[in-house]
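A single structure is presented below for examination.
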Amino acid sequence: MKKLINAPEQVVKEALAGMADAHADLLTVHYDPDFIVRADAPIANKVGLVSGGGSGHEPMHGGFVGKGMLDAACPGAVFTSPVPDQMLAATKAVSAGKGVLHIVKNYTGDVMNFEMAAELAAAEGIEVASVVTNDDVAVKDSLYTAGRRGVGVTVLMEKIVGGAAEAGADLAAIKRLAEKVNAHGRSMGMALTSCVVPHAGKPTFDLPDDEMEIGIGIHGEPGRTRVKVGHAADIAAMLAAPILEDLPFKQGDHVLAFVNGMGGTPLIELYLMYNELHKILAGQGITISRRLIGSYITSLEMAGCSFTLLKLDDELTKFWDAPVLTPALRWGY
Amino acid sequence: MKKLINAPEQVVKEALAGMADAHADLLTVHYDPDFIVRADAPIANKVGLVSGGGSGHEPMHGGFVGKGMLDAACPGAVFTSPVPDQMLAATKAVSAGKGVLHIVKNYTGDVMNFEMAAELAAAEGIEVASVVTNDDVAVKDSLYTAGRRGVGVTVLMEKIVGGAAEAGADLAAIKRLAEKVNAHGRSMGMALTSCVVPHAGKPTFDLPDDEMEIGIGIHGEPGRTRVKVGHAADIAAMLAAPILEDLPFKQGDHVLAFVNGMGGTPLIELYLMYNELHKILAGQGITISRRLIGSYITSLEMAGCSFTLLKLDDELTKFWDAPVLTPALRWGY
Amino acid sequence: MQITADHVIKFIETITMRVKEQRDYLTQLDSAIGDADHGVNLDRGFTTVLTKLPSVADKDIGTILKTVGTTLVSTVGGASGPLYGTAFLRAGMASADRFELTVDDLAVVIEAALEGIQARGKSTRGEKTMIDAIGPAVDALKAARAAGDDLLTSLRKAVAACQAGMEATIPMLATKGRASYLGERSIGHQDPGATSAFLMAQALLEVLEASQ
Amino acid sequence: MQITADHVIKFIETITMRVKEQRDYLTQLDSAIGDADHGVNLDRGFTTVLTKLPSVADKDIGTILKTVGTTLVSTVGGASGPLYGTAFLRAGMASADRFELTVDDLAVVIEAALEGIQARGKSTRGEKTMIDAIGPAVDALKAARAAGDDLLTSLRKAVAACQAGMEATIPMLATKGRASYLGERSIGHQDPGATSAFLMAQALLEVLEASQ
């Protein structure tokens, strides 16, 4: 295992310390329980937005704490859901009396821990609503699985409902908007390499030099199928087709196209993949009217990428365009 | 070789096509000769800023084209200096009569090709000045080498002189400022893994599972020494010490600290390394008053990082803080 | 023979030891069909639990088990944190104020734990989870009790059923938890949670056998 | 025997072939002490040069060589683009309007190329570059000419000297170009540019021998 770390059990705390110093103008880091919160929280008259999940997906979620996006993020151990104590403390720290939304990715651990935290917060008199993202079309049938995983749409949701919350929307409206983002978004990912969980010390799965995993999630878990590595154009088609069919996205649609790197993939490849996606969508009469290209929801140093498409309407476009000022996403400020 | 590409000879053009579509509001891509230029170039009454170099370092330089930074960037083949035709075309495209600055990284190929382009542009009546960055302290003695390489300082220079050019400074002032940035900045990098040049198809160097290269550049070239992989704290010390000694940076200095990922290193590790750097500088009474953390000057999918320190004064700070609107760096707009 | 509060303390200490020993093995099982953290998660949790034990050493069994439960909830995270946390919490509620447990009590307590996991995880048997090891253990315990077996005999049968249940997860198709994402590819791997559940069952038997 | 414009066209075609054949070898040499692109760079350049040759097939040697030079400058990039580009440009200037070259002319032309490289690269012999192959070739050519050798004999000696010069780069410490960053670690590797220079020298000999 080759990593720029000191000891596996220190990775999360030490990276948090780095964030705390680097972004002291935007956020504050609390320890034990660990959470990252907007420096100016709680914001009067604003619904609080809290997300969280295992670490190893940076910049998600801590990098999205700031004006116009999250109020707080709870980082768990690497690839491990945080514990209810973290979400409870974060929820209390951002609660300004207008309620708090928990943005939860659909993983058994995340769902259960956030559920327990919401029960505890409710017991303390804080109104909590929850939304669960489940945009990963690689997981086929929720009758036979824990349901679709929450992946790329989570980033877009945090930005869009962040815009609405900053504009003063109430908890019910925010929850409805979050559910709309989830309903309009679909994702699919692939990996060229596994990643190494620091504590495990070796790759989570072995992948021969000429094979790739299609339909991976974001925890270094194997995907649904393993195939020979092909051309970017074919990989793009393998990711785009199930996404397009699923919603379905149709001719005339306007979409936000999010081409995401898994952590170990260079930007030059992401632009190349964006170019392939652009050709596919143009061929189907779908217009990319907004886009995000970069490594925003990652699996440590995994090489690979994911596509997320979000069908846009005026409301979603407006809140996507709204100003944002966080370590990882910034415009309009 | 596992990459999200179609064919090695198509990588640069296809990634450019992706950039062209993704950032049509900011920039225009020209082909044969290839260059990326601000959508609104030439800007009346503004010194034109042109940089360029081999591809594979994304987002540098194309990702820095836009308001408040570069006017044009010339991407060569992967790790290969672009040719004079590109720089000449870019120089003509951004020339508004106030002269053009070439920002050149100190590599034999880059220097010679930019030199030829400057001669050709001068012959066409365009006033061209050049500045060569050479901040890499890993290269020890320019009597016995091609001189220090230009690395991380290039990014900071493009931002800072971009701010000054946007503010209307003339060519002589811009050149002086660029030289000041170079004189105030030092860098050092390391690699945990090699990268694979698409055409070569295999790693440029082999690195055993427990070793790292110290003092690498940004072209996948081996470094000066190879040592056992150590703790992040030790690696940070190995990078910081030669930088600090060289300028030298002294107690009471204010610096911009740039912790850069080489392309395959996840952000969580960069924040952790930033934390180590912060501790080292604090221990020496040096204040980090600005910082940049992320993968901005890369070597394809190489895992590793570099540190760049830039000693700040009011002038450098002011132009660093000035608004910028490019694909890769954005604030104030 | 009855289970004393002291046995319960030793039981938790033994789990902590076994989890630490088997940490990499559990994580390795989780690499195959999960995300390579199960051993690390439980080790983190029980290591903290150990530091809490002195403060409840003279308390009733219910208090001890509830402390274990809340500590696991607060330190493990992932799926196994809320699940084992809830299990120990429910077990603690079922043994509130008690300083000794008979074989009958034990069956009630473990069944409460099982029900807690099922409620929290919305899961049933046959989905390739820890339940597939714990369920058969509860059944065996009840059957042994009905047949009039003594505590140790009953527990030996329960541990054997637990092991069989754990091994029976190998050919199962996962439909809950992270392993379910693998679909058919989850077949052929032993579930990490079922394995840790078996470690715990073994730990209880080990403690009681040693104190005989 | 003299070198004709037709020989020069064949010479360039042969270089193109040899560079393509040796592309991976040259790139591999550049992996060891550079950035793994030398073969790819030259292959890209000469492949384009080949498409330009028909337009100058009936022109004088100077025009042919200048066209090669400008095309290399415009397509190769890196260090070798300006260096070989300048070399062919200068060689073209030294053979302007000529349709035939004697052995004396050849020495003048190649020396002009060498001087062009040195001016552009600010380099001298012993720095582990292409100059270390080309310099000895120029020396040998001049010596052979002074000794009254004919064209082929002179060229054979020049190619042998070129090869020896190329091999002599192996133990050298690089002080120019990318390899210089390696310091002591550059020792023990053959310089890629010296190797491509030798391929070109061989190509000229091959063409002349074949047309004898």
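Order of writing sets the labels: A, B, C and D. Residues in every chain begin at 1.
Convention: a contact is a pair of C-beta atoms (placed from the backbone, for glycine too) under 8 Å apart; a residue touches a chain by one contact, two chains touch by 3 or more.
What you are looking at is a predicted structure, and each value in this text was computed from that prediction instead of being measured.
*Asks:* Could you tell me which chains make contact with subunit B and subunit D both?
*Replies:* Touches both subunit B and subunit D: nothing.
*Asks:* Which chain's mean C-alpha position is the greatest distance from subunit D's?
*Replies:* Result for max centroid distance from subunit D is chain C.
*Asks:* Rounded to a whole Å, what is the gap between the Cα centroids of subunit A and subunit D?
*Replies:* Distance between chain centres, rounded to whole Å: 55 Å.
*Asks:* Calculate how many whole Å lie between the centre of subunit C and the centre of subunit D, each centre taken as the average of the chain's C-alpha atoms.
*Replies:* Those two chain centres are 75 Å apart.
*Asks:* Report, in whole Å, the distance between the mean C-alpha point of subunit A and the mean C-alpha point of subunit C.
*Replies:* 32
*Asks:* I need the residues of subunit B touching at least two other chains; which ones are they?
*Replies:* In subunit B, no residue touches two or more other chains.
*Asks:* Would you pick out the residues of subunit D that each touch at least 2 other chains?
*Replies:* Touching at least two other chains: none.
*Asks:* Does the chain-touch network form a line, ring, star, complete graph or other?
*Replies:* Shape = line; chains linked end to end, path left open.
*Asks:* Kindly provide every pair of chains that touch.
*Replies:* Chains touch in the following pairs: A-B, A-C, B-D.
*Asks:* Under the definition above, what is the set of subunit D residues touching subunit B in their complex?
*Replies:* Residues in contact with subunit B: 24, 27-28, 31-37, 40-41, 44, 73-83, 120-121, 173, 175-178, 180-183, 185.
*Asks:* Can you list the residues on subunit A that touch subunit C in the complex?
*Replies:* That would be residues 33, 54, 76-85, 107-109, 112-113, 115-116, 138-140, 144-146, 149, 197, 199-200, 202, 204-205, 217, 219-222, 224 of subunit A.
*Asks:* Can you list the subunit A residues touching subunit B in their complex?
*Replies:* 2-7, 11-12, 14-19, 21-22, 55-56, 58-59, 63, 192-193, 209, 212, 229, 231-233, 235, 263-276, 278, 288, 291, 293, 295, 298, 300-301, 303-305, 330-333
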